[in-house]
Amino acid sequence: MEFLVHIEVRWPADGDEARKAELVALEAERARELRDAGTLRRLWRVPGRWANVGVWEAADATELHAAVSSLPFFPWLEVDVSPLAEHPSDPGLGRA
Amino acid sequence: MEFLVHIEVRWPADGDEARKAELVALEAERARELRDAGTLRRLWRVPGRWANVGVWEAADATELHAAVSSLPFFPWLEVDVSPLAEHPSDPGLGRA
Amino acid sequence: MEFLVHIEVRWPADGDEARKAELVALEAERARELRDAGTLRRLWRVPGRWANVGVWEAADATELHAAVSSLPFFPWLEVDVSPLAEHPSDPGLGRA
Amino acid sequence: MEFLVHIEVRWPADGDEARKAELVALEAERARELRDAGTLRRLWRVPGRWANVGVWEAADATELHAAVSSLPFFPWLEVDVSPLAEHPSDPGLGRA
Amino acid sequence: MEFLVHIEVRWPADGDEARKAELVALEAERARELRDAGTLRRLWRVPGRWANVGVWEAADATELHAAVSSLPFFPWLEVDVSPLAEHPSDPGLGRA
Amino acid sequence: MEFLVHIEVRWPADGDEARKAELVALEAERARELRDAGTLRRLWRVPGRWANVGVWEAADATELHAAVSSLPFFPWLEVDVSPLAEHPSDPGLGRA
Amino acid sequence: MEFLVHIEVRWPADGDEARKAELVALEAERARELRDAGTLRRLWRVPGRWANVGVWEAADATELHAAVSSLPFFPWLEVDVSPLAEHPSDPGLGRA
Amino acid sequence: MEFLVHIEVRWPADGDEARKAELVALEAERARELRDAGTLRRLWRVPGRWANVGVWEAADATELHAAVSSLPFFPWLEVDVSPLAEHPSDPGLGRA
Amino acid sequence: MEFLVHIEVRWPADGDEARKAELVALEAERARELRDAGTLRRLWRVPGRWANVGVWEAADATELHAAVSSLPFFPWLEVDVSPLAEHPSDPGLGRA
Amino acid sequence: MEFLVHIEVRWPADGDEARKAELVALEAERARELRDAGTLRRLWRVPGRWANVGVWEAADATELHAAVSSLPFFPWLEVDVSPLAEHPSDPGLGRA
């Protein structure tokens, strides 16, 4: 099942730069793992914000929560999850 | 450039059923054309609602508006468009 | 997987009373079927409103949409679906 | 009487980890007590967030407040309480 | 248990005046009955609107719903119900 | 004239406990004085929150502001004031 | 006591023009009466909308409601009333 | 002075097509006149909606209201006006 | 041109009292100057809040911004500005 | 393609004044560069706030994000981006 996940990063403007750089690197690595596992399917930046929107695949909301909460930035994230149902006109149907 | 497009269909509950069926068929056909043109890339139902969320590709907002307003149901649609920027961790990058 | 489903009924105040009574009866019957199928697990009235909130069980959002849209009042419903993840402290865990 | 209770935990991202672990353990224990007392009937995680939604049973809002405010994390909680009325189609009616 | 109940009347501006007058009279009578039954304890107009806010007493949300939905204008009402818990500083405590 | 006053207490979760206890005691005393003065007529806890809703009596908004801003917790309060007009069906009319 | 009153006119776009003209004339006349009575003190158009914002004077919310609901357009109005308290720096203090 | 004006057109989906075409033509002509008068300086479509956002120039809000309310579609418009102040970094400063 | 200006003061509850008293005095003085300059015409307290609403006069939004941002508390203010257009029924018309 | 960009600056009221002055100077310089590059086309202050609204030109949302995130104040900015489509009545069409 797919989910639309909107993530805002609430890192403080005056936060520690070294810690931030470290977390950014870890986050990119975790994103690669989630991509390889087939969990993270698409990811975009919300322009002008430290925020992203993505299409995630998980068996259910429990598995999705495990994936999202595995992100190194998780304590600083404001996350909104929308469940997605199949649409008969979806060009992506049958292509996965 | 990709856009996230959220569409709610405001068709009246007591609307004409024959007209509705006709528009649904036309809408499915138009969706196929937009898919073939590479404009409509993903489409999901919002569960519980007559609504969908999709990933659309267009050169810019002008071309996107032309595509969305070509939908047969357009006069009954409430549409919200969010621009999407590339994210370096997007699994879909370089795959199109 | 469980979903929290909030439903408001937008039946017009001056709607046809006979049609309304017929739909109410059909809705109760459909609710019984969904209960028997294990889809509808709990259902409450929102006090003061023609609205309800329920706990629904479905394999995924696609199956949930099929269930919700099978309600006779569906064209008059405003529905909000929230996905639910398991909580380790849920008293209901392992009891279904 | 049942209540739908939505809880967001506003623990600071850079909060003390030892204190947090201690409170998490106390919270789980308190949840068990509330379950054994029949006060907490269902509990789910809101996916992607440090938040939960639950079905609580209490004689009235005063008793409910006593239960919620007994949670060790209470000073960090943002809580929304919705009263629930019985629905004739509730599968859970007569089962408690 | 007490509830704070906010009611907006969505009667159409061009609605039938005779029907409206009839319903207003019935509503006043029903309010008197609810007062006599101890259900309706206080009632105020929201200035500038066809709306009111009231303090209602009921055993639980189910009984409250029965009371509110017994109002003759119920099909035209938009109602929001907030549960109220006792406050140790309430001047009304012990006075009912 | 009566006012409906909703108050949320924004005391920091990690605030000083001794100072908080002192303010709580002062607040209860001030509430008693406002009750004796006939200013505070009813007061309820909003269940699940450090918040209350009350019915206040004051000659006008200026006098009401003086009363609310005399609360020891005032600098930490988020207050919303709604003016109340008499309703002919108010059970409390003529009883004060 | 003064109130800030925001009024939106919800007259239907395809409403009867003669009836509208008649009500506009009656509304202007009623405004003059309210001005002469000292009830309506200032009135502005909200630019771009059929809406206005005004400063009204009334003994209390009950008297204010009587004044606002005396407007010929009242059944079509969406009105929000905010109570105003005296400010020591108000240039208008002592000038009325 | 410049204003940012957001306009949504609330024309009914099943409105008369001939009347709509006539108003669209009149609206385009009025837009040309407002452009020639220097009142309408920029205008964009909000993609996906029958809506636009524009930069308008007027001596004050009164003159702006006269301009906006001169649009043939005015009775069907939902308009939000935001006043704009000069910014020292505006590339358009001194260019008008 | 007149503007309706709503100001909330976001001074921290545990802010320095001496600095606050100093700013309050400076603010009152600045308000007097703005009154004498004809910029600040009316000012009210929003009851229950450290907030005010005022009627300001300025040539345009640029001049208004200069006036508002000259307030000593400006860095702590949350300000919303609404432009006001003349209304033919304004009792204040022709009286300034 | 053009974008409407709304920016609120969330610099703390008690932030370091020297650092702020330095960033303001850098921001003005960056704005000049963006103007010279044709990226920033118009910029206004939102009166009463440390906020601005601007018309930006970029090939797509990715390029726009690069421009906005190059602002020295970026970590303190709350940014909302709206895509703009061409309108046939835009006075600016064909003038760039």
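By letter and in written order, the chains are A, B, C, D, E, F, G, H, I and J; residue numbering begins at 1 in each of them.
Please note the rule applied: a contact is a pair of C-beta atoms (placed from the backbone, for glycine too) under 8 Å apart; a residue touches a chain by one contact, two chains touch by 3 or more.
Remember, predicted model here, so these are calculated numbers, not experimental data.
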| item | value |
| --- | --- |
| Given chain D and chain J, the chains that contact each of them | A |
| Between chain E and chain H, the fewest steps along chains that touch one another | 2 |
| Selected pair, out of H-I, B-J or A-D, that shares over half of its residue contact pairs with E-G | A-D |
| Approximate Å spacing (C-alpha centroids) for the pair chain A, chain C | 29 |
| Approximate Å spacing (C-alpha centroids) for the pair chain C, chain F | 39 |
| Where chain H and chain J are represented by their mean Cα positions, the distance between them in whole Å | 22 |
| Where chain F touches two or more other chains at once, by residue number | 3, 45-47, 61-62, 64-65, 81, 83-86 |
| Topology of the chain contact graph, where touching chains are joined (line, ring, star, complete, other) | other |
| Touching pairs - complete list by chain label | A-B, A-C, A-D, A-J, B-C, B-H, B-J, C-D, C-E, D-E, D-F, E-F, E-G, F-G, F-I, G-H, G-I, H-I, H-J, I-J |
| Residues on chain J engaged by chain B in the complex (per definition of touch) | 1, 3, 60-62, 64-65, 81, 83-86 |
| Complex contact set, residues of chain F against chain I | 3, 5, 7, 10, 61-62, 64-65, 68-69, 75-81 |
| In the complex, chain C residues that touch chain D | 2, 4, 27-28, 31-32, 35, 40-47, 52-53, 55, 82-92 |
| Chain D-touching residues of chain F, taken from the complex the two chains share | 13-14, 45-49 |
